[in-house]
Amino acid sequence: MSRSKTNVAVGAFVALGMVAIAFMALKVGNLVSFDSGVGYRLEARFDNIGGLRVRAPVKSAGVVVGRVEAIHLDKDTYEAVADLRIRPEYRFSSDTIAAIVTSGLLGEQYLSLDAGGDSRYLVDGERIIKTQSAMVLEKLIGQFLYNKAAETSGDRK
Amino acid sequence: MPEPLDAPLIELKDVRFGYGGRLVLDGLDLTVPRGQILAVMGGSGSGKTSLLGLLGGRNIALSGSVKVDGNEVGSLNGAKLYALRRRMGMLFQFGALFTDLSVFENVAFPYREQTDLPEAVIRDLVLLKLEAVGLRGAADLAPSQLSGGMARRVALARAIALDPMLMFYDEPFTGLDPISAGIIGRLIQRLNVAFGMTSLLVTHDVNETLRIADRIVVISEGRIVRDMTPQELRSSDDRFIRQFADGLPDGPVPFHYPASPYAGQLLGDHDVHA
Amino acid sequence: MTFMLDFLEGLGAAALRVLARLGLATGFFQAVLARAPGSAKRFGLLVREVYFSGVRSLAIIVVSGLFVGMVLAVQGYEVLQRFGSADALGSLVALSLVRELGPVVAALLFAGRAGSAVTAEIGLMRATEQLAAMDMMAVDPITRVVAPRFLAAVASLPILAVIFSSAGVIGAYLVGVELIGIDSGAFWSQMSASVDFRLDVLNGLFKALVFGVAVGLISVFEGYHAAPTAEGVAGATTRTVVISSLSVLTLDFILTVLMFRGLN
């Protein structure tokens, strides 16, 4: 194998590596669709965040508009605080409702934003007031059984 | 500071060298004047190859002085040692050609690594050196396509590429048929004269040595025990020399490894074996 | 009692041998790293070694990647469809490949394919006195022979790892979408929603880089310090594959804990 053929082969090898990186960036990963650090921050407080995790998507009407950046517990109120990073092109009214929703019955949990009608928009660092906590299956079932029990006991009377 | 021309090229004084707790050279003295072809002989493991290592700076003496062209080899640092080695050539026992390079590239290697000569000049120099060993026609072959004798001639062309002042030959005749050995021997002699080199051969081959060497030294038990010309060796009736020169199995150098008496071991002294 | 003493003595001797070897290796690694910058200037040497280590490993990497991706798709689908989450196949496969399997399996294959070849080559050069000849020609064998092979491993493995992951994703696509019939849009969107370029892809690449350093150093060390005999070289080649594989898996665990512990 001559020197130049080797060079060509190695050049093609490196080029293939670059194509693979581009594939990773554009198709497999989400470098273009969302770059962390870009956009403005919002805060939302929940009684229970369920299975919501850092980096979970924030969606509005099913479209990804941002990501959960950090989650921590407020030491005084024992509320879960989620920091959201929202892409700059999307703006939400101050009466927007943030809800933790599950995609599918057992799928990944994400944060859903339902825009309201207020004319004032939320700005960087502001807090979403209206929130709806995650549904916890055990509580749901417990509630259902309690209601059922109440119904049946009511029927007897 | 170049040494005066009449100063000896190699001077070893009271050299001790060993490894793994075993002393190989013990109080060796040797002086080699410029232009000489010196053959170093001795049994296997007598320290002949260690001697080449010391002179090339690959081994460091435990004590004593190893001087080549006035330089104390053991005390040279990396760059200075390499500067000295550029003026040395070494032919390894089986040639040690680079298996991934062609014959041409093997000989070109020292030029490419040590000089900035243009490609055309390198080409001419390589062909010149190959011509000197009679293998210009084999330039495009791979080392694996060469016979043992040819490989050693290519290695010789590579070793003399930078016109060294001092050549080392490590067992240059081992494993060669008499014709190839004769060719190598004649090349050693011719190159020594043509390039004004000094040559140091480590060898067992008495016939070839007698033909080409100016002087023969014999190493035994870590020091030089005989120092003579080929004529003296031929006519010597020293028992040790005769055993060595004629290849006698037993003599001053015993055939048997030291052991307990044979009869005793056969007759039931089983502890010796168990 | 004597049995205990024998055992302890053996253990002590073994520990001392390992320590001596580690000491030797540390000194050698320092020498290689010190010579690496000078060696990198000889670009032609590096290109040649990337050809032999990287390009020549491409076939095994691509084929293995495809098959690993295909198997992941079949097995992943089996499990996911029980929970009605077959759409998540893309993200399952991509995360497994990018974070773990790409760097780790590529490194294991690389140790077997290229690392062993480097060890055998350097070991043979030593056994046939080629390294000694080079040294006597005032050419430093570590700069000329060892360092380029080490650098080539460091340069090649990240490239091979990302190619492995890509091939795996394509393999999973072929099986998951073309064969099983998962929706192609769901496959890709689930994947890109869960794979973060910086956290997953770049961390995976960093792992591959660390593995490249480890496999590269082990390969050249074993070759350079192989006993100059046929058995010595054969043993060194085996050791390269065994020690490289164990190091890659150990390093992978450590890196994974450091990188991904905070995430979930």
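Chains: A, B and C, in written order; residue numbering restarts at 1 for each.
Throughout what follows, a residue touches a chain if its C-beta (ideal position, glycine included) is under 8 Å from a C-beta of that chain, and two chains touch if they have at least 3 such contacts.
Only a predicted model underlies this, so the values are computations on that prediction, with no experimental measurement involved.
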Closest chain to global C-alpha mean, per-chain Cα centroids: C
A-C against B-C, pair bridged by the larger set of C-beta contacts: A-C
Between chain B and chain A, distance of the C-alpha-averaged centres to the nearest whole Å: 76
Centre-to-centre distance between chain C and chain A (centres being mean Cα positions), rounded to whole Å: 35
Rounded Å distance between chain B and chain C, as computed from the means of their C-alpha atoms: 43
Sites on chain C touched by chain B in the complex: 124-125, 128-130, 132-140, 144
Complex interface listing, chain C residues touching chain A: 44, 47-48, 50-51, 54-55, 58, 83-85, 88, 94, 98, 156, 158-160, 162-163, 165-166, 169, 188, 191-201, 263-264
Partner chain C, residues of chain A touching it in the complex: 1, 3, 6-7, 9-10, 12-14, 16-17, 19-21, 23-25, 27-31, 33, 36, 53-55, 57, 64, 104-108
Chain B to chain C touching residues, read off their complex: 56, 58, 82-83, 85-86, 88-90, 92-94, 96-99, 109-110, 113-114, 155, 158
